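Chain nomenclature is as follows: A, B, C, D, E, F, G, H, I, J, K and L, assigned in order of appearance, with residue numbering initiated at 1 for each chain independently.
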Amino acid sequence: MSFEILILNGPNLNMLGLRQPEIYGAETLGEVADRCQTRADQLALEIDFRQSNSEGELVTWIQESRQNHDGIIINAGAYTHTSVAIMDALLVSELPVVEVHISNIHQRESFRHISYISNVAYGVVVGFGTFGYEMALESLAQKLTSP
Amino acid sequence: MSFEILILNGPNLNMLGLRQPEIYGAETLGEVADRCQTRADQLALEIDFRQSNSEGELVTWIQESRQNHDGIIINAGAYTHTSVAIMDALLVSELPVVEVHISNIHQRESFRHISYISNVAYGVVVGFGTFGYEMALESLAQKLTSP
Amino acid sequence: MSFEILILNGPNLNMLGLRQPEIYGAETLGEVADRCQTRADQLALEIDFRQSNSEGELVTWIQESRQNHDGIIINAGAYTHTSVAIMDALLVSELPVVEVHISNIHQRESFRHISYISNVAYGVVVGFGTFGYEMALESLAQKLTSP
Amino acid sequence: MSFEILILNGPNLNMLGLRQPEIYGAETLGEVADRCQTRADQLALEIDFRQSNSEGELVTWIQESRQNHDGIIINAGAYTHTSVAIMDALLVSELPVVEVHISNIHQRESFRHISYISNVAYGVVVGFGTFGYEMALESLAQKLTSP
Amino acid sequence: MSFEILILNGPNLNMLGLRQPEIYGAETLGEVADRCQTRADQLALEIDFRQSNSEGELVTWIQESRQNHDGIIINAGAYTHTSVAIMDALLVSELPVVEVHISNIHQRESFRHISYISNVAYGVVVGFGTFGYEMALESLAQKLTSP
Amino acid sequence: MSFEILILNGPNLNMLGLRQPEIYGAETLGEVADRCQTRADQLALEIDFRQSNSEGELVTWIQESRQNHDGIIINAGAYTHTSVAIMDALLVSELPVVEVHISNIHQRESFRHISYISNVAYGVVVGFGTFGYEMALESLAQKLTSP
Amino acid sequence: MSFEILILNGPNLNMLGLRQPEIYGAETLGEVADRCQTRADQLALEIDFRQSNSEGELVTWIQESRQNHDGIIINAGAYTHTSVAIMDALLVSELPVVEVHISNIHQRESFRHISYISNVAYGVVVGFGTFGYEMALESLAQKLTSP
Amino acid sequence: MSFEILILNGPNLNMLGLRQPEIYGAETLGEVADRCQTRADQLALEIDFRQSNSEGELVTWIQESRQNHDGIIINAGAYTHTSVAIMDALLVSELPVVEVHISNIHQRESFRHISYISNVAYGVVVGFGTFGYEMALESLAQKLTSP
Amino acid sequence: MSFEILILNGPNLNMLGLRQPEIYGAETLGEVADRCQTRADQLALEIDFRQSNSEGELVTWIQESRQNHDGIIINAGAYTHTSVAIMDALLVSELPVVEVHISNIHQRESFRHISYISNVAYGVVVGFGTFGYEMALESLAQKLTSP
Amino acid sequence: MSFEILILNGPNLNMLGLRQPEIYGAETLGEVADRCQTRADQLALEIDFRQSNSEGELVTWIQESRQNHDGIIINAGAYTHTSVAIMDALLVSELPVVEVHISNIHQRESFRHISYISNVAYGVVVGFGTFGYEMALESLAQKLTSP
Amino acid sequence: MSFEILILNGPNLNMLGLRQPEIYGAETLGEVADRCQTRADQLALEIDFRQSNSEGELVTWIQESRQNHDGIIINAGAYTHTSVAIMDALLVSELPVVEVHISNIHQRESFRHISYISNVAYGVVVGFGTFGYEMALESLAQKLTSP
Amino acid sequence: MSFEILILNGPNLNMLGLRQPEIYGAETLGEVADRCQTRADQLALEIDFRQSNSEGELVTWIQESRQNHDGIIINAGAYTHTSVAIMDALLVSELPVVEVHISNIHQRESFRHISYISNVAYGVVVGFGTFGYEMALESLAQKLTSP
């Protein structure tokens, strides 16, 4: 039996590689998905990699994960700082959640220092670039397979 | 002639009964709709009971109520605390509005103590569980039928 | 066997009907008591309807309700925003408490947005005029008689 | 026909002359009453000079002034900074109100810089010692007799 | 060669003319579009005039403008004050942005004084009614055609 | 010659033993009075042990202590956090004052972290349960009898 | 020997009677000067009545009063809330200072609630209209002639 | 008949072109005056273009505009953020006021985000460089000539 | 069997008697140790009395007390207000902790009103001079020997 | 050639396994060191694993790492929230820094939400238990070996 | 060739020696000018020593220094804490600026702890009495003559 | 007889010349010591120049200076902003204290704007680079030798 991880990306992450490359790097979101797939294969995990600009769609996907997935990795982008609805949906999912940020949000504007997601994620990975997704996968693999 | 009330439910309320039952109880949103229908029948009101995870969809429904409904009951869930857009839409509707919260938001995290909806609702019902919907209906019935 | 509800009114509510009728309406407190009695009769509840301008007297009445009553409806008026003593007394009573406000306090001065009572009441009814007392009675009736 | 002014003194003002004479002076409250009587006689006003340590009693006296008096001078002492109930009672009275403080509260602890009374008084006299009562009387005389 | 300007309108602006006409005036959004078209013709600009109640849809439209437009005029309505996602999308677009508000937001509720859009727009036009759209067009025309 | 200590208890302390025993313990206020009497006898002090729910009554008792007592121990309960009037009365008394709290108020709600009494008491005893009254007595005994 | 009082008026007070008559009344500053002269004659005081829109000029006049006057009445207008320089000049003068405001500044915008002048004036008269100048004169007369 | 607009420039705007050209551009204030004159001619407006480093002089000029002008355009420079006196003078003028800032003050130090002028201007133009003066003129032309 | 109490003194307490004697008294820390020894003998306790200027050393001593002592009395001096590390060490010790301050910290600079130690101590003794150490010992004796 | 990583642990981390195991787990710091050694071997890194309760010693070790190490992993414990000195030392080191916290500090007391270290670390790993050290090692291995 | 330093003194510094000598000392401003001249002679600097009570005049002098001077020493007095205009003028001057305060402003009222000047001065000298002017001269001499 | 000055340097100042040379310059701390020695020789002062990364060690050195030195110059580095213990030690020393900062801390991160040392130093020298040590020495020389 295998575990399936929902990897969610919030608004503007579909523009990765285009947006402020000095902050976010030149990799595209498709390349991140590939990178995650490779690492997931190594860890014997399945992944379901998605992106949406819509807060409501993200909420719905998280609700559905309650039935369909075993863990969530979420980079909620700008919604990290403004969405109580996504935080509540993560609670509803009752799944282990890892929060990822590509850049170090603590070194940017002060409104990016606050995360509603951090209230419900068990772990947070900040500032490691797109490698942070792999670190999150590794943690979930360890968590889901430990007794 | 009969009055029709739009009853709106915001994000994650479709998960009622699943989400944190120690806070929200075990009743599902379908059961709440039934409960509202029964009470509305007693009060000779018609109801239009909906739920959405999308802030924009809620805004649109409220705008349309200006033509189609006589009052609004809204439990905006997490959007209560973050959505100026829904508050503005309620102003546009020019309908009497009752705000409902199932749990007592004043006893939860401090970011749940602030409600944009309360700025435009004429009345607020907090903490009575799903019975609060019935209280809201009773108030609207009284308000719409009083001279 | 019947349940008896203590209905408490704080400072200046004895002046109801005189004070700022554009905010509080023209009904007097005596008329509110009558309205409560009528509704209580329908609900098979007994009521004990009182008013005091004294914080200490309100505290004492609440303490005594521990022995003599089954639930409390309180419109603490201005003490809502300043009295930790009344909040503490309500905790001592160990009774179910409903908080009522005639006007929508969230649309008035900012110091009226804070309620110590909301920390200990199970439910809060705000802005429905004097009809809010009836809504509170109905909730208590439901709560006390449900298994 | 003559106007009657209710002159109210809050908690600890009965100790005037004893309490911190470097701040409040050596005059007793009885001497202040005499001083007010003399000035009122000159101005053809009647006065009703009272003191209470009880917030509730002050509220009640102010409510009753609605029927019995033509203006209020109030030195609410410590309740200036904490009593919304007295502020509300002054609104109920619908009388012209002058607020008096013997010491300059703006040069003392920061919690004495806030006055609920100032929200409802038409004029405020601060820091003139007990002579401030006479200034307040003179203003009321002018206000009540001007067309 | 001609420049094309994306003119974006946020939530509730489709209700223009209906909503609080004492604040926003009686003109409808269709009339604003016509007014913009007329002015654009004078300035030899093309325009793409849109409205959405959905934050996610606005984000997507802005992302796409990176390929299809030469400048953005945005009246983000209520999302002005709450949407980091729209601000981030405007950064992604790498286009010159003008922010427009019909009413003077500085004279309204304090939560309307904060604009995330102002962090990324080069210019802001506030309070000129719907004429502000024309002012924004004129500025973009000047900016895009100056060497 | 013997010293007499006024021991004052504020609102809801008459309910000691009933109220939240997990915080305040099971001892009643009568038992605390007995405990104080025993310790006072050992220390050759006389005590005058009282309780009131009324802020005004507490103010008046403190004022009178100026003539009748040699020191004050005060557990002002909820009035600790809200009463400037009691603080002022303690200043008027010109007696040495010890503040006592049964529970550790620094580990409870943030509004209980502020004490007006601490501004005028020479010493504060917090969190030792009802034994704190004995500690306060011992300190006063030492202070009053030291040269 | 007679005392001379410097009566200073800050920015925009030269427009009295024109500016917002619903707040400041219809009297002109010349009429206020006349009113002050009349009252000063009754009190056997001399007055020196001036107005300036310039903070620097007001500072200089206050500095000079150290040599030439016996007391200061100041209505600093908008500089009340922003000028540390005038506050410092009043300290330099070493004269008794009365602060006057025509309107009740505590009932206006929050930035008008703060007064640097109140830190150095011995007394403050707020909200009595232009009659406040007379009250200030009366206080200075009493203060300068009392032993 | 023609309308005359008072165009006011506050402190340091006489140094335009010298001061921080990366923020304010290389144009001098004289060139801005010429630019305004040209645009005013097109719009059939007369202009009165002035600059002062003195808050008091600006206040006086604004007061005088009440008699002599039909509208005001003001770039108050640093006084924007600190001068209640100028705000009050603009109220006294009872003229339509447009506020202009050359740079986008929302992207600079936080103390430049606050504008007293915005409380009384009907419109605000921010960040369009010196072209903003022309936009303001155009708006006033439209406003003064519309019925 | 006997209980041993670790009595810890933080930075600058070794200078007791020299430092600001008007605040801390003339007694030296050696004399305080003697006073504690005497009282401990009476209470049949053993004490281990230490002082350090080093936060790290205090942390280490507290960690070691977990093995070697039965209770802690701590006057952390300036570290009271700044050291989360000492607070955490006290948690690690799992011993009953009493916090002592010689002066009444609530009447000094505002940064001395905050104590990290109060979050973990069961009781706090403030303002009783060096006699506070004896009060703390008496409480620990009572606590350790009560069933 | 091999890279050597300095792994620093701040105050109370030597008590790991003893302190609040419900938060920090039952593993000891020695076991964490072993776990790090194993992972480092896999990654072909060398490690230098240390702990200190002394802020000054941590500062000195970090300064010395400038010469002796290639990267730093730091769990500064309580000093995370209070030590500017450690933050400055990390800047001096000019090495890549990863910040690790065993527990999710965002779900604990608010003073633990602030980290000075996050201002200078390139990445932050929060809440993954002691596995976070391994994640940090993996990131440094990737960073140091990537071109 | 010699360097000329503009030494500016703000409001009330002309009263030096008269104003609060316990804070500012007994020396007059003329004596400070002499002291500066003597030190400047030693350092081979020329000085231009001025004082004004007018913010606008100070702004103008600073603007002119751009052409005429090589450095600025400024004690802006009360304008230190309120004048953005002076700060902006110092930026315009593009000269090296030293800020001087005679008293230690950090030990006075909290509104004196904020300095706009410190944002643009390269160095700040606080609390050394009038000797601070000499220290500032010495620094400028060193700065202007170092390569 | 000669005066001896203790010159203290806090954490990371031993790295001077290495750390962020764009802020602190290229001079090493040894060179600063030499520079101080040279200037001290000119002023006929002796100096005792030290550095420590340990807060506790700095506290101890300051305590000892009470016996051994005549004045203190302190650049407490990062402890400036966090150490109440050092502030208290400086009070214990009862010596004249000058605070020095090499960089202009008012132009850096906001947490560097607060200095506990400024509460007890008589003078503060900020932003003059290492020349500030010489300025501090000159001031102490003047202070210690003036009658």
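We adopt the following convention: a residue touches a chain if its C-beta (ideal position, glycine included) is under 8 Å from a C-beta of that chain, and two chains touch if they have at least 3 such contacts.
Since this is a predicted model, take the numbers as computed values, not measurements.
Student: What's the overlap between the neighbours of chain D and those of chain L?
Tutor: Chains in contact with chain D as well as chain L: not a single one.
Student: Starting at chain A, figure out the least number of steps needed to reach chain J through touching chains.
Tutor: Minimal hop count between chain A and chain J: 1.
Student: If I superpose chain D onto chain J using their CA atoms, what angle of rotation comes out, to the nearest 5 degrees?
Tutor: Rounded to the nearest 5 degrees, it is 180.
Student: Since chain B and chain C are copies that touch, is their contact same (over half of the numbers shared) or different (under half)?
Tutor: Answer same: the two copies use largely identical residue numbers here.
Student: Express in whole angstrom the distance between the two chain centres, defined as the mean CA positions of chain E and chain J.
Tutor: 47
Student: Averaging only over C-alpha atoms, locate the centres of chain H and chain J and give their separation in whole Å.
Tutor: Going by mean C-alpha positions, chain H sits 55 Å from chain J.
Student: Residues of chain I that touch two or more other chains: which are they?
Tutor: Residues 54-57, 82, 119.
Student: By the touch definition up top, name every chain pair that qualifies.
Tutor: Pairwise, the chains that meet the contact rule are A-B, A-E, A-J, B-C, B-E, C-D, C-F, D-F, D-G, E-H, F-I, G-H, G-K, H-K, I-J, I-L, J-L, K-L.
Student: Which residues of chain A touch chain E in the complex?
Tutor: For chain A paired with chain E, touching residues are 10-12, 14-15, 18-20, 52-57, 77-79, 81-82, 109, 111-112.
Student: Chain C touches which residues of chain D in the complex?
Tutor: Against chain C, the touching part of chain D is residues 54-57, 59-60, 63, 66, 82-85, 87-89, 91-92, 116, 119.
Student: Using the touch definition from the top, list the residues of chain A that touch chain J in their complex.
Tutor: That would be residues 104, 106-107, 115, 118-119, 121-128, 131-132, 135, 138-139, 142 of chain A.
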